[in-house]
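Please see the structure below; I have some questions.
Labels run A, B, C and D following the written order; every chain starts at residue 1.
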Amino acid sequence: MIEKLWFVIPEAVLLVGVVVVAILGLVRSGQIRNRVPWVAMAFVIGCGVAYPFVFTETAVSESTSLLPGLGRPMGLVACVVGVCLVFMTIGRIDRRYEQAIAEGRDRFDPLRSNRGEYYVFFLLSLAGLMLTCSANDLIWLFLALELTSLPTYVMVAMSRSSRRAQEAAMKYFFLGAMSAAMFLYGFSLLYAATGTVELTEMREILTAQAAEGGISMLAVVGMMLALLGIGFKLAAAPMHLYAADVYEGAAVHVTAVLGFIPKAAGAVAFMLLLSTMGWFDGSTLPLPILILLWVMAVLTMTLGNVAALLQRSVKRMLAYSSISHSGYLLIGIIAGPGLGFSAVILYLFVYGLANTGAFAVLASLEREGREIESVEDLAGLRQKHPGSAIALAISSGSLLGFPPLLGFWGKLALFIAGIASGHIVLVLIAGVNSAISAWYYLRLVGLPLMSEPSERSETIDRVAVPWPRFAAIGIAAAMVVLPIFLAGIQDETDVPLPPDTADVVATHESGDQDASGL
Amino acid sequence: MMSWLLILLPLAGVLAIIVSPARMAKMLALLTSLVVFGVSIAAAVGFDGWGKGTWGLEGAFNWLSRYGIEIQVGADSVSLILVLLTTLLLPLAVLGSFTSVRDRLREYYGWLLGLEAAMIGVFLARDLIFFYVCFEFTLVPMFFLIAIYGSTNRARASMKFLIYTFTGSLITLAAFLWLAWSASQAADGQWTFSIAALTHHATTSLAGSEQAWLLLALLIGFGVKVPIFPVHTWLPLAHTEAPTAGSVILAGVLLKLGTYGLYRFMLPMCPEAVVAWAPVIAILAIIGILYAALICWVQTDVKKLVAYSSVSHLGFCILGLFALNPMGLEGAILYMVNHGLSTGALFFLIGMMYERFHTRDMREVGGLAGRMPVWAFFMVFFVLASVGLPGLNGFVSEFLCLIATFSAGDMGAYPGVLGPWYAAIAALGMIFAAMYLLIMVGKMVFGPERLPAGSHDDGTLPRDLGAREITVLVPLAVLCIVLGVQPWLVIDGTSAAVADTLAVYQPIFEQLTQQTGASVTNALVGGTP
Amino acid sequence: MTLQLATTFSQLSLSHYLVLSGLLFVIGLVGFLTRRNLIVMFLCTELMFQAAAIAFVASGRYWFNFTGQVFVIFILTVAAAEAALALALVVLLYRRRSTLNADDWMELCE
Amino acid sequence: MTSAIAIRIVEMLPAVPAVPMADVVEATSHWWAGFILWCPLISLALCGLCAAFRVKSKLPAWITVLSLACSFVLTIILGNLEDVPERIQLFEWISVDWVGGSFVANFALYIDSLTILWMSFVTGLGTLIALYASEYMETDVGKGYARFFSGVSAFLFAMGCLVMGDNLLMLYLGWEGVGFASYWLIGYYYRRPAAVAAAKKAFIVNRIGDLGLALAIYLIWSTFGTVQYNELITHLDAGTFAASYEHWSVEAIPYLLMLAAFGKSAQLPLYVWLPDAMEGPTPVSALIHAATMVTAGIYLIARMYPFFLLEPTSLHVVAWVGGLTALLAATIGMAQYDIKRIFAYSTVSQLGYMFLGLGVLTTYGASYHVFTHAFFKAVLFLAAGAVMHGFAGQLDLRKLSGLRRMKGWRIVAWTMFIGCVCLAGFPFTSGYFSKDAILAEAFVTQGPGFEALGWIAIFTAFLTAYYTFRVWCRVCAGPVHFEPGDELHDDGHHDEEHEFHPHAPRFAINFVLVVIALGALLASVPYFMTNEVSEIKGGWIADMVNDSTAAAGIPGHEEHPGTIAHDAGHAHHGSILGMDPHVAMYWISGVVGGIGLFLAFWLHLWRRQDADRLRSWLLARAWIRWLPVAMENKWYVDEVYHALVRAPLWLLGHIAYGFDRYIVDGLLVDGTARLPRLIARWFQPLQNGLLQSYAVTMAGGAALITLLMVLMMQFFEGGSVQ
């Protein structure tokens, strides 16, 4: 039991942060309230620093959980992207209300101020993501997933006072609840089929079942329902419909959070669930599950890319682009442990950064106090805001996966994993899809840098607070600089195989993933 | 060491340009490109691989041990020649665009030098991933050059150019990765992307069908770059919209990436598939020659005419490559250099005319011999170089490619698969080449003088070519004559490298001859389609 | 008679309960898809949660361990949390547009 | 079947003798022979500099004349050396070698008597015509003078490469070089669209011929493995190739060479460019399109004669094409009014004779006719040039008359008379002897229809005599009458009221006219000079031809060193009208020439009105009206070519461009580009904003996939999954 608690220390740091931030958010004096984002960021950094100490080599090797190697890399990635997400929102929450208080037009009323609350929910959601990584049984997994998504429903609702935000929250909540019910029902069927909720035990039982007669249909149906339910978090194919409306409705900084944290949690959950059903006993995934993943991957990529072509609103376009990236993630998941999982974590890091960078640019600009709506608003951005224009170009170039930028290396890792596990057709489809995506990403690159400013884009000016712009430019710089340190990043994001199964898996993929990684 | 210098110097130039004020950009760009040219000349002089097929300028930087990706660089005589072509064309392109580009100077010259770094990287790459990264990165500067500095519908042209080539090369990337994976299977899990190792693996342990799939993927990727017939439609659009320097580099070097890719990857890596598929590719090339020549004939936009002529001319280069004998390959390599020089010069000339009259329509402007005699002389000279007048460089390479294709049936040790009929039909292209290029000369240079309405002389440019413009053209002219009269500079230099590439085809032909019984050597017209 | 009843009852195997929970789940789902009122829609999701709970208890009984019932406890807590959140959201929506019909909210679309 | 004949012929010639020319001397002593080529190249460079620095004097002319004279002197010296043939290596051009073999083509000279013969009249006439042009082009001194003379030097350099080349690739270099030079010079007056079009037409039609040459070179190289003459000849002599390569393609070589020769020497299929080439200045027409370049075709066939002998039917084709071209050109020439066009058609016709000579196995006759024709045709063109120069571009023979009575024009008139006499083949002139050599052989040699060909040639001789003297009588004889041409403004002093008077040619033109006229007359002398060494009848020319490759294949050559030793009696010597063919031919051609002469004098000098009445009579009759109309319109050959070749290609070009833009680019590329957008539109309705519709799609999608998988499981593995 102690061993379980040992791995929860980083999340504990975050929860302490939650409490502190909640209190600070309600303090009467303006300076302290302005410090709240920095405090939140401090706690996230603290949690990130805690990871290497908690997940030492010895601790990881002894742990009995299903994928012990998953916790450390995912945690680090979550913290780094979390820091960027917080950095982007400094000064944006309650900006007008705080300004009114500062100018004395309004009195501070703890009920109306939600600067503290936003960060509370953000830290809770981040904690939820980290808990999913160290989950070793269905209950923990269920709770962690709910902990990830419930705060995000609230963040969407309170991010903007406009009707559209509330509509987005309503859709997000109800569809989220439905998918939660679905994957819970899947869990129940899994429990009914295997009799245990411990993932490691479930793996033994399922491998035993597979050995002598084949996994029972109940388990397979349960797994499928679970995957489809969790697919909602990934915005995977059949469950992706909510994404466009919710991303457009929510405020820009909330959309950035939605684009990363639930998706990461979903991907981790997929990895954990699928590891129980195959791979480690030398066998591939059961055929129906494999086909399900294949269908989800192809549909998600294609629908995401294709729909983005038609969009005029920037946020809706980036929503569909993030759907397509979930499709690419699924390739990594299908590729299986070793190469596949490390590629997924790396891609989560790369995609997380690039997506946050793109949204940071949108966060740093506004038109008459309101957010940027259509893509045409960005026309000729170069003249008035060269920094933001170049940052947007680099971020979208990286999302597209153009060579020298970090995005390419993430996609390359995914492609290599896909091919190494024999899914070359999937990689080809992904290749064609990224070619299709070049169309709308190049609009994001071409419009700001090259076309002439239209009368709509004349009225765009910078948000009063400089931090979002710094975040955008910082992330863009990272996109260009980080490939140089790619070897280091890849060691950090490598998911080593559990020691006892290493040799078994080695034979499966004819030995190309030994324990030490490649 | 020299190769790192060659790649990093242009990037240093880019940084210097970004930092320095806009008016310094021109001089800095010229200085950097000249320095790079000097370094490449020093490398060429110091290179001891001429005629010996060995690899010089080696260098490796272990980067991603996880996938065995290390940035390996090295050059053999073929890639060094193409590097020399690049470093020669760049300073001329920079010099040629002093007056045509007046705003956003820093970006313009920055992108040009970035393009140079990427192109040199492609030719010096000995590692698949480094090759692919540079190959893709050449698209970005070209995209920006066309999209910012192009003419009327540049947005569509740049978008089509980038996405067309990007799609093709993604499929090639998938093929590369699959090849690397199958190599890692053979080497029990040890990943490597070095071209030498993968070529060895490909030739030794790839089955015929696998080689065919690899060939198809490579053909799509590189076929788009060399515009082979069905996938060539982006080239005229990109050329008409690109600025002068952009067109020169696009025609001069970027098209050669495709043929270099075919030479470096397709020929050595999938010999059986190449032998099986050479007739099909040759037929595509021939269609490209005649089809593009016919289209050139009816063009009114002079840049589109020269663009289609590049499609037609590179058809000969492809024929030379797939004749699979030393003469053909050496002819093809010489063709790459010659086409770069003569078509590059033609685009310079058209650019100079465009700067003065701001139109490319041959119906509006013409008969400039009286008004611009020096320009007319260079125009006729370079048209003759590309038509293939003996004594100039075009002829030698075209002749070698055609005679190699013609006698591919019985070249002693290298019996190829093409035959006399391929060469005979392709040779018709020589007549069409004369027709469409002389029509262009007839309209643009000779005949009564026609000037576009309101083409005022804004005084910035002299009526005829200025000193700067002549210094751009003279080196190209001199090289055309030198290569026309003394082609051994390129031919002997690459003979050993070509022999190594073709060495892998010997066993296949021995095996082929036993199977077909009749000795391939004397079935003179064996390759009749 | 009760004994007989008991025996008839004792023939009830796990599949019967699973069928029951499946039916319950489907009813919840159908209710969620058809009823226009937001509150009823939320109640239907609660119904789906309870369906899962029944399946857990039944399989717990079948496998003779308590994890099923432990899981149900957690399901209840999470359901309670969602209920709080749902009602808060419903109040917010009602205050904004004094309607609870799901179809009135269709501003965000393509 | 033809290949079988070829082999038998080869066996028939037991051992084609190792003719003296086979063992080629590798001369290093005569390195200076290279200067025959370098002189024109240097002159080209210097004239280029003059053009660049806009030299305003006649300097380019003197540079060119000097360099050509120097080449001519070197040629004569080289000719008198004894150890011909020899091979002089200048520098290495293309040499590609690999394991299995090599391809070598060096910039080297192959000097044998044929080369000397050709180079002598090329450089000789070149010098004289350059001198002539120095005065003729004086009106353009500042403007295009240097450009013109650099063109002439370029032409001479290219012709030198062609004739003196040591291998086929040098020949090809010269071949395309002269094609380009003629393009350059025809298009000299680049302001005039007609000249530009003519230049382009000349280059493209030549390029079609060059295609034949290129394919021949590929075929020869892939069959024999070499393109050098000496190695080729040794291959042919040793008869090595016949046994192993009886493949059909060996027989294609002569036909391809023939295509090249007809392209360059303006024969039937590809002659259309020569009449249009008259757009160029007259010295160009004289030098290139009358004397030198057009003879390149004959040189090629003479040089490659052994190949033609291997394939006898090819010689028959050459003969027939030559004969028909002669007839066709003569009929067109008869009905033209522009003097230069008439001489152009007469050149085509005389070239037809030369090819007829080659066809009927008398390389001597053909070479001799080339030699004599070069002189008298040059005189005619130069005289026409002088007329054009003096009368401000007037060339229509209906507007000029009585030239010989005008002051200052007597020399021009009488030199034109000498030219006409030689061209018409008046007895005992040079034309007479050379044409008879060909006509006689036509009747002597066995071949399909050679007899009929002979009579056609004789009828053409009659037409030649007629149209030659038609020009002379119209222009030189008769009452004095002239009208100025359209290039009036060129003379600068054209004030309307002041009555125009022609300005006669000065010393340079007159001197050149007289010298070349004398040359035309003296050209008959070689016929009488019996060569004492090998007692070949036909004098110096026959000796020159006999020592070269051209003579190698003449049947019966070895036992009768003389080409037409008719006293020794050819075995299959036919007889015409009971007499020996050669003697008979003297009488027949003399009579025929006289009739033509008389008819010309009758219609165009004494009773000119009869000519008009005859023409109106012909036009009145419906059944014969087509003849004069067709002849005046050049048998509509240009229009036929335009309809058959140019128009369809132009249409094809537009179709291809439309196909490329709309089908390949529009349909395939943009089509596939629009595909993603299309798919997006199908799925767009799903995003209608309704919460419940989203829920239905999500739940429905999930249920569908699960159901499918379950069914699949049931169907495949019966309920359980491995």
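Here is the rule we use: a contact is a pair of C-beta atoms (placed from the backbone, for glycine too) under 8 Å apart; a residue touches a chain by one contact, two chains touch by 3 or more.
As the structure is a prediction and not an experimental result, all values here were calculated from the model.
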| item | value |
| --- | --- |
| Chain whose averaged C-alpha position falls nearest the assembly-wide average | B |
| Pair joined by more contacting C-beta pairs (A-C or B-D) | B-D |
| Rounded Å distance, chain A centre to chain C centre (Cα mean) | 28 |
| Averaged-CA centre spacing for the pair chain C and chain B, given as whole angstrom | 67 |
| Distance from the mean Cα position of chain D to that of chain B, given in whole angstrom | 37 |
| Inter-centroid spacing, chain D versus chain A (mean Cα positions, whole Å) | 79 |
| Per-residue multi-chain contacts in chain D, two or more chains | 673, 684, 687, 689, 691, 695, 699 |
| Overlap residues in chain A, where contacts from two or more other chains coincide | 170-171, 174, 178, 182, 244-245, 310, 439 |
| Junction residues of chain C - those touching two or more other chains | 29, 32, 102, 105, 107-110 |
| Full enumeration of touching chain pairs | A-B, A-C, A-D, B-D, C-D |
| Interface residues, chain C side, partner chain A - complex | 14, 18, 21, 25, 28-29, 32, 38, 41-42, 45, 48-49, 51-53, 55-56, 58-60, 62-63, 65, 67-68, 70-71, 74-75, 78, 81-82, 85-86, 89, 92-93, 96-97, 102, 105, 107-110 |
| Parts of chain A lying in touch with chain B, wherever the complex brings them together | 397, 402-404, 408, 412-413, 415-416, 419-420, 424, 427-428, 431-432, 434-435, 438-439, 442, 446, 449-451, 486-487, 490-491, 494, 510-512, 514, 517-518 |
| Contacting residues of chain D [partner chain C, same complex] | 684, 687-692, 695-696, 699 |
| Sites on chain B touched by chain D in the complex | 160, 163-164, 230, 233-234, 237, 291, 294-295, 297-299, 325-327, 330, 367, 369-370, 384, 389-391, 395-396, 399-400, 402-403, 406-407, 409-414, 420, 423-424, 427-428, 430-431, 434-435, 438-439, 442, 445-448, 485-488, 491, 495, 499, 522, 524-525 |
| Complex interface listing, chain A residues touching chain D | 170-171, 174-175, 178-179, 182, 210, 213-217, 220-221, 224-225, 228-229, 232, 237-239, 241-242, 244-245, 283, 286-288, 291-292, 295, 302-303, 305-307, 309-310, 436, 439 |
